[in-house]
């Protein structure tokens, strides 16, 4: 796998001053993401996952270090990047239909109307919302709203798709469907996916590689390569012995992180 | 989740460290100071006719003089009393009516159209009537104040009662709590934040109507002194008294906000701010 | 079908009842202050809908509309500017809080100094008074736009123009409507009072003339007219609101259902 590096996070550090105290949300994060990869990031709560994502997405300026997207430093939200937030209900414009919501970023890209319509229609069909194009977000269920947000991101034809705990606020059954949806879209579109979650099973199920973060000040605790078969399904893959091993490895790393370790304890070594 | 201060760049922090005047916390003072400076200089250099708008220092001097006169304090007391009395009547009446009408679905529907009809009627339309009935006494203005400020309270309490958690109500009923206890323990606490919003609105409206009544009808109070200043050409005096009403309004806003926050500190963590009607 | 007729019944039952009671109770009234409803209504048409309509009613309404429109235009424009700029907000907050706390009617003697007692004065009074609730509610509306929505617009690099129309304006519109409602009721109050205080024509002026001339039934018709105008304007605004904020009402309904 010698695909080019599409995202380069170089020793990013982020600290805030809250009422006179300096809080170091992110200590030192340094990793790269290759084109076409599906990378998952997990960590204990409050580990600065969202802060990291905001730095990568150009919403927040790091205190030190830099983020390079396709070779250029990120100082503001770069083109070619789409973000799907956890709070789907609040990221869709309530005064626009699903179709209009998905279309808005494309208007900004100055695409001709016919092209816009094609991209949006295909994206909505791909996520299973072909019948809900003229509905307003508040008329849809939570799962459908998140699909709309994903469709909007897909229609945008981004190079990198960033997802910030997108399924945390969704019920378990819907989450399973959405996980498979994201995986399918990734295979079809060949887009690079950066997926942040607190759900260990989800990270192992979806990713090709899992980064485990330490607690604040956040750094990378360890990296776990997921060598599961490419074809994944909820029932089969999750009962594979290898899945259980990888899952346990990530779990024990998280436990290490909670204890405040910055290097893995090596208790559950799986080669 | 870690705190999100947004894209606070390093530059702003750096500049505020070297020049304390540029820090964001100084801005309100700077803004207000600029305002006062404009008030002082514009009349003096003639952009604004000083006969119509005296420089700020003259207004301040007039205010200083007023503060030394007993009549000023009496008038202030009369304004505050009229306002407080009217507001109290409106609150008591409004809460009772709101609770009674709100608790019963049928009553609520029955009175809805009437309330929606009476609400937008400007209470100042009653001015000629109350002048005939009560002359220039305090009662005239009192009628205006009560009529105008009772509506926000009724409406807000109605919202509050309607908003009561159905589960809580059913629980209370299944325990066969008496009607009175249901109101006290379930309905009222739930309606309280709405009542506080209504109270804040009513307090502001009550002050406006109180001053209006004094100004137009001539009931005793600050408003009446403003009218006298205007007709006798004491311009600086007039502005000084207008400023006093502004200060009254600001003080009352702050008080009402403190009061509502204090009575609801256990509630505000649960409820979001309602868009007030 | 049953619920529609029930709703209609509920809507007119109490008002009709009150009307009938008022009619009956005042029918034989010889009281000076409370003439029979029949008399009041009888006098209504000739009092307002003949000559006076053009001379008093229309000018009042025109002044009201011009003043309110000016207040809305400036209030929304300024409110959008102040709402989007944190610096502007910080600087202007204490001054704005002070100005909004001044009871609007108090401005009448002030503005009279500058503008006399003509139409201009009244329009300025109406505009100045109803400006504040519109301004402050617009600022609040812009500020209260959801953070996540803002971030979404940023990540998709939505340009300033589109962001303004699709995010800021529409996001703030529910709160702007609240400001418009408050501003309208202030405008009506100021319209009436400016005419009662110092005027040569207008609804308020005419009602005071009736009052001073002890023409009680006519005075009552004036009160009813003012009430009707207040109600009509309120309904008009509600219609506008229902059209432009359909998404908002839908959103609130679905939130309540959850």
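We just call them A, B and C in the order they show up, numbering each chain from 1.
Criterion: a residue touches a chain if its C-beta (ideal position, glycine included) is under 8 Å from a C-beta of that chain, and two chains touch if they have at least 3 such contacts.
In this text the structure is predicted, and so the values were computed from the model without any measurement.
Asks: So which has more C-beta pairs touching, A-C or B-C?
Replies: B-C
Asks: Farthest chain from chain C, going by the mean of C-alpha atoms per chain?
Replies: A
Asks: Averaging only over C-alpha atoms, locate the centres of chain A and chain C and give their separation in whole Å.
Replies: 49
Asks: Using the average of all C-alpha atoms in each chain as its centre, how far is it in Å between chain B and chain C?
Replies: Measuring from centre to centre gives 17 Å for this pair.
Asks: Hey, what residues on chain C touch two or more of the other chains?
Replies: In chain C, 147 touch at least two other chains.
Asks: Note the residues in chain A that touch 2 or more other chains, in rising order.
Replies: Correct list: 59.
Asks: I need the residues of chain B touching at least two other chains; which ones are they?
Replies: Counting only residues that touch two or more other chains, chain B contributes 4.
Asks: Taking the complex as given, what residues does chain C use to touch chain B?
Replies: Against chain B, chain C makes touches at 10-15, 18, 33, 86-87, 90-95, 97-110, 112-114, 147, 174-175, 178, 181, 185, 188-189, 192-193, 196-197, 207-208, 210-211, 214, 216, 219-220, 222-223, 226-227, 230-231, 233-234.
Asks: Name, in rising order, each residue of chain A that touches chain C in their complex.
Replies: So the residues of chain A touching chain C come out as 57-59, 76-77, 79, 81-83, 85, 87, 90-91, 93-96, 104-105, 107-108, 136, 138-139, 156.
Asks: Where on chain B is chain C touching in the complex?
Replies: 4, 24, 27-32, 34-35, 49, 52-53, 109-114, 117, 119-129, 131-133, 207-208, 211-212, 215-216, 223, 226-227, 229-230, 235, 238-239, 242, 245-250, 252-253, 275-277
Asks: Taking the touch rule as given, give the residues of chain C at its contact with chain A in the complex, in rising order.
Replies: Residues in contact with chain A: 146-149, 151-152, 154-159, 162, 166-167, 170-171, 247-248, 250-251, 254-255.
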